[in-house]
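Next, two complexes with subunit A in common: one pairs it with subunit B, the other with subunit C.
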Partner chain A sequence: MFLRRGRGRLDATRETLAGWLFVAPVVLILGLFLLLPILMALWVSLTDWNGQGSPFQSGVPYVGTRNYTRLFTEDGLVREDFMTSVRNNIYYVAIVVPAQTVLALGLAVIVNSRMLKGRTFFRAAFFFPSVTSSVAISVVFLFMFANSGVVSQLLAVFGIDGPQWFSDSRGTLHLLLGGLGLVDPDNPPAALTGGGPFGLSWWEWLSGPSVAMWTIIMLVVWTTSGTFMLMFLAALQDIPVTLEEAAMLDGAGRRQRFRHVTLPLLRPTMFLVLTLGLISTWQVFDQIYVMSQGDPAKTTLTPAYLSYRMAFKNFDYGPGTAISFVLFAIIVVLTVVQRLIMRRRV
Partner chain B sequence: MKSYLTLLALAPIVACAACGSGFNDQQAQPSQQTSGPASLQILIGSSGQAETDAVKQAAAAWAKSSGNSATVTPAQDIGQQLGQAFAGGTPPDVFYVDASRFADYASVGALEPYGDKISNPADFYESLRTTFTFDGKFYCAPKDFSTLALVVNQDLWSKAGLSESDVPTTWDQLTAVSKKLKDSGVTPLAIGDTRDRIGAFMVEAGGWITTPDGKQATADSPQNAQALDYVRTLLKDKLAQYPKQLDAGWGGEAFGKAKAAMTVEGNWIKGALQADFPDVKYAVYEMPAGPKGKGTLSFTNCWGIAAKSKYKEQAISFVEAMTTVDQQMAFAKAFGVMPSRQSAKDAYAQEFPKDAAFLNGAAYAQGPVNAPKMDSVLADFDTGLQKLTTISSKSLLERVQKNTQSAIGG
Partner chain C sequence: MRERRSLASTFAGYFVLIFFALVFLYPFVLQIGNAFKTEPDAARDPLSPIPHPFSTSGYERVFGSTDFPLWLGNSLLVTVVVTVGRVLLDSMAGYALARLRFRGRRALFGAIIAVLAVPGVVLFIPKFLVLNQLGLYNSYTALILPVIADAAGVFIMKQFFESIPVSVEEAARIDGAGVFRTYWSVVLPMARPALLTLTIISFQGTWNEFPHTLVAVQNPELFTLPRGLADLVSGSLGKGTQYPLKLGAAVLATIPVAVIFVIFQRYFVRGANEGVEKG
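The block that comes next holds the complex of A and B.
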């Protein structure tokens, strides 16, 4: 009895050991290429490293959380740039994520319908932008939205004098408020310009995405909706036809079936799409780097691009990495919040 | 079970204590001169194939005569590549340093201050030496330079009934001819919406962003305000437009497309016009003088030598060879840059008589801001300049002043 139990424990230990041995390569690789760089970057964000030699040598000044306080509490250009970039990105996320999700779902429903002829063609066509290089598409958009480009000429056909897309830094919410006659954008009310959180006035927070930012928003919605369409399509094809038929027998109309049968069954996919959308929109970089570099008037500056610019242009590696960790925190918090909301709404 | 996990998770960190010290070994070893034939790594931010070829050829000639070897690599994005190389501890031995980035590199100790070891350093233009001086030390030999000048489209000029004698030499004259050009139905002036163009007017008014030694902020001055007010008037009256408003990426493009009769650009515009708009007939004149006399901006690169280079002596000998009058003239012929040595001035003026305006600018040119950590401050200034027509000069300059002070002081 004793002997057998002993051997059993030995076997279990051996099994555990063998198990760890088998996963060791993966754990090592993940640790070396994922965990370790993150920890190293965390260290850099706590220092004033200037990019010369290793950040782990003795001479590198340790500044504690100063790089983080500079982003939030100290009045200065660093905070102002960072908050401007956060503002831009909030508007960007708030428009891109719902727009691309709705568009992707709509496209998926269309190409899933059995009535549509040439479904394969449309699926490929809608998916195509997703597999094309983002840099190449950005350059194409640069041409399309140039002042004498296709878009402006098309608008001109309808007698609309289009904006100078990439040099127009006016906030569209400002324009909207101005258009409704609520405020005068050239002379905003003192109540709004007086003060506001984090060094930006309320007026600046309420600018809305600039005209230039809209071009990037359109570009991203167009390219990513194809990817998400594919996910929705896969989920739609998983929905058993019997359920729909049962709903039909119960007398549910087309809209009711979509609202009460299809949508609830798409919930996990919806969560996936929203999460992926949220993450990628907060991290937007390629399009900014290629198309605008933060111009005009910093209205397309995003935290990801600002982080790059600070670190590699200014040699302010500390604040640069600090921004990326703040960005990480923002994404995690938003994803958790989103998860809670989606779980509650049954 | 859990302790295994922690152990394994920690393993790479422990293992990498070694890679950290690997860095440190290189750090600890002071960059000693290595004797014997050197193999120099040279990183250049080339303007194009012509420049790459010319530098490669010159480097090969030096390598052959000195018994060393030299590898010239053109960079895709030299700022980023150098940043990474410095962080990695293995920078190239010799590389281009842009004047606007110089102070950042010098302040972090990445550059070897070898300027005075080059023969006859006083021969370099005074303004260029100031540009590459940090904390009183002349760091690196200027490679070549460019200045801004007023470029005039001769066809549009005569179409507006103007002649050679109408070329503006003062701000008032500039306004006057601009009005005539506007009446003839063309945008008079295309000017880039950055400090690198509008700054010329600040210099002409007697102002600048910092003191010459780059230690103090002087942005908030009546001179600067006067300059910005003048440019604002031009913009408001549509006597001047930013290139983007003219659907062009930069002043030269707007000018080449004949969307503007004049532009303020540097000598790089020659090559650009020749390549893209060969039919445009143009002439180059010195910038019109402001209230405090003539003024322009200079742009330049220097031959930086890495403080960590193992072959400093050979690197200095290489730079010496690259900055002789003959070699600079060879570069000038190959890719159209102006020699940084004053003793090459006459030869250049003879070879390129049309460039007199650019060349004369050297006497009164202001180099880029030579203080570290100024990139985001100046980018912020540019943002303000883009909105110049809607904001007051005073508030813009106060902002630049505040930001400059915190960048230089902090």
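The block that comes next holds the complex of A and C.
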């Protein structure tokens, strides 16, 4: 009895030691390259560091929360750029998230249908763009949307004179409002251009995504739908066949079965896809870097790209870092809100 | 009546599937076709997938007038080291978190879940700051070390180890094998499917990684394929659009992942669906 207890204690010590040895490399890497950098960046966001030497030496000017107030309350180029980037990203999120979710769900439902053959092939075809390099794919889309390129020639087949995608900064909501005859885009009403929140006029807030932004929207919907389709597909395959059969016996038509049986069961996956979509669309960067660098006329500028550009091109590390923390806050808030809704409804 | 309706819906189903298969795959067909064109041909008739005349000059220039071979070498080196490192380190940590009872285990797992929630773009400048401060900026170490372990991999491995029965390990432990010995010769061989999934998603993720290279290195000698490709597009080529060259370089950069995708498709699918359990 005594012996066994002694050995047990020895084992416990050895297991603790082994446990920490096993996790040590991961803890070290994540601590050094994730936790520590965040703390360092918090400091830098409170300074005016210009990239020279170390941000922790004594000569670096401490500015308190000024880098944050410059983003929100001080009139100037920094706020104008930041708010423009926020506007662009809001429109981008508002289109990409619903579009990719609906497309992914639609494809999953059709691929899952038992009557169709070649399921593996179609699943692979839809998923393939998701696994390729974002940079390589952006090169392909640059080629396709080039002036008199693939898309322009394809539109010409249908008699449509397509835009010069990457140099067209016109806001599509402006174009739509103009097309409906509500306002004249070249001469917007003074009530809208006069003022507005955060240094942008109401007219600027109401631009909608620019024509150039649409190319990036299409690219991203095209590359991410496949991944989300797989998630829906996995969830659909978990729905017991007997449930659908029971609904069928009760006389439910296909559309009714989808609305009242399938969709409610897909709700957890739906929320997951929406959350992941919201998180990733606020982080769009690679495609902007390769395809537009924020141009034309700053209409593809996003907070992620702006923060990179401020730090690494303008050497304004303070405001650049402040933008990344605001972005962090936006993403955390969205995640928490999603979680709360999910907990209540599922 | 019912049969006719189901026939019609089968037809509609195939129509939608084939339409979207074209939408998702035809850009790659155009990419490959145009990479084998001459520049005037690609500019005049980009919509045709068939080169006329057939030309390999785009590819010749990929190797002749860009640093493609260098980028390829760097990408291979970084990808192999990071993948091996992730598989080893993530599985060790995942095993410890799943099986070993040690003080602080719960807190540690909580911390790893928290880390999973940190969005990558937020870390651009912070990562640069730490690499700069440690004097690692512009080195292979900067490309590799920060990404050699990842929280998502640890999570996948922990989930896996919790799903296999504990009895085999207990037998080994009773036979007197130490913790490391048990892990190495009993646990790891059982974990092959999970290890393969992790290998594949690590390979794909590292091979395609772009933003990390932006904040880790600046020296063209250290460019990986995505970085080099982005550099080509942003104008290092000089005059002309040179689409056959750019598309050719993009094709070559896509091939390794495409081959792995075709062979190991189900592991990719599994990897993508690990995300579901994460949520």
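One rule holds for everything that comes next: the second predicted complex is superposed on the first by the 308 of 346 C-alpha atoms of A that agree within 3 Å, B and C clash if a C-alpha of one lies under 4 Å from a C-alpha of the other, contacts with A are read in each partner's own complex, and residues count from 1 in each chain.
FYI, a contact is a pair of C-beta atoms (placed from the backbone, for glycine too) under 8 Å apart; a residue touches a chain by one contact, two chains touch by 3 or more.
Since the model is a prediction, treat every value here as computed from it, not as a measurement.
Asker: Specify the partner with more touching residues on subunit A, choosing between subunit B and subunit C.
Answerer: C
Asker: Is A:Thr16 touching the first partner subunit B, the second partner subunit C, both, or neither of them?
Answerer: The answer is both, since A:Thr16 touches subunit B and subunit C.
Asker: Is A:Phe166 in contact with subunit B, with subunit C, with both, or with neither (first, second, both, neither)?
Answerer: First partner only, subunit B.
Asker: Check the residue A:Ala41 against both partner chains and state whether it touches subunit B (first), subunit C (second), both, or neither.
Answerer: So A:Ala41 only meets subunit C here.
Asker: Which holds for A:Gln57: it touches subunit B only (first), subunit C only (second), both, or neither?
Answerer: first
Asker: Where does A:Thr65 make contact in the superposed view: on subunit B (first), on subunit C (second), on both, or on neither?
Answerer: Touch status of A:Thr65: no partner.
Asker: Determine, under the contact definition given at the top, whether A:Thr73 touches first (subunit B), second (subunit C), both, or neither.
Answerer: neither
Asker: Check whether A:Thr193 is in contact with subunit B, with subunit C, with both or with neither, and answer first, second, both or neither.
Answerer: It touches nothing on subunit B or subunit C.
Asker: Which holds for A:Asp81: it touches subunit B only (first), subunit C only (second), both, or neither?
Answerer: A:Asp81: touches subunit B, not subunit C.
Asker: Return first, second, both or neither, reflecting whether A:Gln256 touches subunit B, subunit C, both chains, or no partner chain.
Answerer: Neither subunit B nor subunit C is touched by A:Gln256.
Asker: For subunit A, give the residues common to its interface with subunit B and its interface with subunit C.
Answerer: 16, 20, 27, 32, 35-36, 54, 56, 146, 148, 311-312, 317
Asker: Spell out the part of subunit C that touches subunit A in their complex, as residue ranges.
Answerer: These residues of subunit C touch subunit A: 6, 9-10, 13-14, 16-17, 20-21, 23-25, 27-28, 30-31, 34, 43, 46-47, 89-90, 92-93, 95-97, 100-105, 108, 112, 115, 117-130, 132-133, 145-149, 151, 154, 178-180, 183, 204, 207-208, 210-211, 214-215, 225-227, 229-230, 233-234, 241, 243, 246-247, 249-251, 253-254, 257-258, 261-262, 265, 268-269, 272-273, 275-276, 279.
Asker: In the complex of these two chains, what residues of subunit B are touching subunit A?
Answerer: That would be residues 1, 4, 8-9, 11-13, 15-16, 20, 23-24, 26-27, 79-80, 83-84, 86-87, 89, 104, 108-110, 242, 244-245, 247, 372-373, 375-377, 379-380, 383, 386-387, 390, 403, 406-407 of subunit B.
Asker: Can you list the subunit A residues touching subunit C in their complex?
Answerer: The contact residues of subunit A facing subunit C are 12, 14-20, 22-23, 25-27, 29-30, 32-38, 40-41, 44, 54-56, 106-107, 110-111, 113, 115-116, 118, 120-144, 146, 148-150, 153-154, 222, 226-227, 230-231, 234-235, 269, 272, 275-276, 279, 282-283, 285-286, 289-290, 293, 304, 307-308, 311-312, 317, 320-321, 324-325, 327-328, 331-332, 335.
Asker: What part of subunit A is in contact with subunit B in the complex they form?
Answerer: The contact residues of subunit A facing subunit B are 16, 20, 24, 27-28, 31-32, 35-36, 39, 50-54, 56-57, 76-78, 81, 146-148, 164, 166-167, 169, 186, 294-298, 309-317.
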